[in-house]
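One chain, subunit A, links the two complexes that follow: it is found with subunit B in the first and with subunit C in the second.
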Partner chain A sequence: MHIPDGFLSNPVMVATNAAALVTAGFAVKKASEDLDERKIPLMGVTTAFVFAAQMLNFPIVGGTSGHVLGGLLAALLLGPNAGMVVMTVVLIVQALLFNDGGILALGANIFNMAFIGSWCCYWVYRWLAKISRNETVAVAVSAWLSVFLGAIACALELALSGTAPLVVVVAAMASIHAVIGIGEALVTVAAFAFLKRTKPELVRG
Partner chain B sequence: MAGQKVWLIAFIAIVLVTIALLPFASELPDGLERVAEMFGFAERERQIYSAPLKDYALPGFGGFWGQAVAAVVGISVASGLAWLLATKIKKVKRNDA
Partner chain C sequence: MLDFFQPPQSRLTKLDSRTKLLMFLAYAFAVLSTKPQMHIAWMALAILLATMFFAARIPIGWALKRFVPILPFIGLGAVGLFFSGSRETFVQVTVKAVLCVGAAIWLSATTPFNQLLEGLRRLKVPTLLTTMLSFMFRYLFVLAEEAIRMARAYQSRCPRKQTLKDAANTGKLAGALMLRTYDRAERIYIAMLSRGFDGEFRTISVQHMTFADFALLFAFAGLLVLIVVAFR
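For the complex of A and B:
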């Protein structure tokens, strides 16, 4: 769901870049306060994993593919602030080195996949874990939501830009990413369970 | 030092597994590309900047090896930047304290 340049109107680009600047700035500042120093190498390895996972598209129905975003996993391992920083770094490198996502659309992509997909969905996870008392369910649902809600935000930005009609673009993005989100949920649950068993000290309590 | 080695091994494992999986990665359009084709706004895409490894390929190196180089560069640069940033923001805090 990386938005290229040309899809967004000027007002939407200004708004999303401003939102990305504020939220990513906040995340960097908060991460500098709450990131455990022992987790610095983990931050590097998590970023490597997120970048790698986003290169590996898997086919879904209807001649379409998707890839894991990894935003919720990053937040589970590092906390929501460092998690958002990881996603932001990956999106910047993708745009600058690989033309994956636009330069002027970078703010929208950071807002959708780093702020919503990592930071916000981490708090959804915390809330779900509390009310469901089932960590696996909370991880699965919030990982699925990280893709689904990111796609809805992307569709809203396209509709607000006048690029596509609101109802149809939201319906199309939502239905496709509801399927891609299943892959996200499976990979996140598996990776989280694996790390929890092999290196329990990595997983934030 | 033994503790640090784990991270290096994890990093190398991620790079190697990614390269091994690249031939199996789907070339189909992703969700947004598909929707853009369906509703006819795909042609609105404007490239205002040309990246050195555009579309995860090395210029003049088509196919698998170009992708493998792109994977190594992308994973290393992103990971290195995040690690540097983490080190830097922690240092600022330590100086403040």
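For the complex of A and C:
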């Protein structure tokens, strides 16, 4: 889902970078305000954790494999603002060190995976947890959405840029990530339940 | 895993990281500002990039490995081409992506990450972000190796594929990794406190923008503008 440079047209690039600047700026500001210095090392190591967790692959049908994105999990552990900062940092490192995602497309990637995948889906989770009274269902659905909606946003950006025809790119991304999302949901639910059982004070919820 | 990050040493390593960061950004901007028919400009930009690689003494194999992440997107573009997309768009997107990723590879090959971080800090990126970046980089390898070790232990005990169970177990592995991470973070925090940490990193700067930095930066930017304007 990491868009490389060159795949977005200039207007889309400007728009997504502006959107990312505003949303990530807001999250960084909020997170710095709420954060006591005690939490800084924890947050830093959590960032490394999300990065490492993305290396845990699980197989999907047909020889492909997906990996955890961890956006919702980060938000569940640290809250939406800090969760978004964590995802943003992970994306910056991936762009600068691993060439995974472009530098001028960074805004789009932050928007898709940090803002939609972490920040927005955290509030979806809160809302679902309130109306369904079932935490597991809420975690599962919002984890699935965090992958699916991110992929749809990515597909729309590519289509708007004229890189690929709308129907094709949306169909391809949606079908692949609907499956990856199931994996993400299972992983997030299992990790969340595991942490809640073994170390309840760690989970913010 | 570490060899992936071991950049080759060259004279470019000694330049200020801001110079290289800005050169990289300028190059990416130049590539993205080209129009679909500017084949000669692409050639010139590619030759420029090749020269940069040569000056930095980057081994070809080391660089090629790092092109892998963009392959799925080129594949997606090819699928689009197969259905209805125009060939011109596909060629343009592929060329631009390869050139930009090439420039990013050049940046990571010439600039050690701690220098890059200092450059970002000096370019006024918010403190919280740079602090997170430096923490992350410091523990990345430790945790990634831990993750790989856990994955290998899991595979050797559950070699058969069972998609749903695998995903759920991956969740438990992630949880266990998180616990180890948390314990480590607590120990680190106490150790840092005892050494007088108060929430901010204070680093000694070893980098300065010298005359050579400015000269290279301006020459490079001038060359890029020349290429983009002359071959339009």
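Everything that follows uses one rule, which is that the second predicted complex is superposed on the first by the 190 of 205 C-alpha atoms of A that agree within 3 Å, B and C clash if a C-alpha of one lies under 4 Å from a C-alpha of the other, contacts with A are read in each partner's own complex, and residues count from 1 in each chain.
Throughout what follows, a contact is a pair of C-beta atoms (placed from the backbone, for glycine too) under 8 Å apart; a residue touches a chain by one contact, two chains touch by 3 or more.
For clarity, every value in this text was computed on a predicted model and none was experimentally measured.
Chemist: Do subunit B and subunit C fit side by side on subunit A after the overlay, or clash?
Modeler: clash
Chemist: Which partner does A:Val68 contact after superposing on A: first (subunit B), second (subunit C), both, neither?
Modeler: Only subunit C; A:Val68 stays clear of subunit B.
Chemist: Touch check for A:His177: first (subunit B), second (subunit C), both, or neither?
Modeler: A:His177 sits against subunit B, while subunit C stays out of touch.
Chemist: For A:Leu195, using the defined touch cut-off, is the partner it touches subunit B, subunit C, both, or neither? Pick first, second, both or neither.
Modeler: Second partner only, subunit C.
Chemist: With both complexes overlaid on chain A, does A:Phe98 touch subunit B (first), subunit C (second), both or neither?
Modeler: Both subunit B and subunit C are touched by A:Phe98.
Chemist: Should A:Asn10 be classified as contacting the first partner (subunit B), the second (subunit C), both, or neither?
Modeler: The answer is second: A:Asn10 touches subunit C but not subunit B.
Chemist: Would you sort A:Ala151 into first (subunit B), second (subunit C), both or neither based on which partner it touches?
Modeler: First partner only, subunit B.
Chemist: First (subunit B), second (subunit C), both or neither: which does A:Val85 touch?
Modeler: Both partners, subunit B and subunit C.
Chemist: So, does A:Thr47 touch the first partner subunit B, the second partner subunit C, both, or neither?
Modeler: both
Chemist: Is A:Glu33 contacted by the first partner subunit B, the second partner subunit C, both or neither?
Modeler: First partner only, subunit B.
Chemist: Running through the overlay: 42-50, 78-86, 114-122 or 222-230 are the candidate stretches of subunit C; which one clashes with subunit B?
Modeler: The one stretch of subunit C in steric conflict with subunit B is 78-86.
Chemist: If you lay the two complexes on top of each other, which residues of subunit A touch subunit B in one and subunit C in the other?
Modeler: Looking at subunit A, the two contact sets intersect at 2-7, 28, 31-32, 35, 37, 40-49, 51-52, 55-59, 85-86, 89-90, 92-93, 95-100, 102-104, 158, 163-165, 168-169, 172.
Chemist: Residue numbers of subunit A touching subunit C in their complex, please.
Modeler: Within the complex, subunit A touches subunit C at residues 2-7, 10, 13, 25, 28, 31-32, 35, 37-38, 40-49, 51-53, 55-61, 68, 70, 73, 77, 85-86, 88-90, 92-93, 95-104, 158, 162-165, 168-169, 172, 182-183, 186-195, 198-199, 202.
Chemist: In the complex, go through subunit B and note every residue touching subunit A.
Modeler: For subunit B paired with subunit A, touching residues are 4, 7, 10-11, 14-15, 17-18, 21-22, 24-32, 34-36, 38-39, 41, 44-56, 70-71, 73-83, 85-87, 89-90, 92-93.
Chemist: Contact residues on subunit C for subunit A in the complex?
Modeler: Counting only subunit C, the residues touching subunit A are 5, 24-25, 28-29, 31-33, 66-67, 69-70, 73, 76-77, 79-80, 83-85, 89, 92-101, 104-105, 107-108, 113, 116, 126-129, 131-140, 142-144, 146-148, 150-151, 161, 163-164, 166-179, 181-182, 184-186, 188-189, 192, 197-199.
Chemist: Provide the residue numbers of subunit A that touch subunit B in the complex, in ascending order.
Modeler: Per the touch definition, subunit A meets subunit B at residues 1-7, 28, 31-33, 35, 37, 39-52, 55-59, 62-67, 82, 85-86, 89-90, 92-100, 102-104, 151, 154-155, 158, 163-165, 168-169, 172-173, 176-177, 180.
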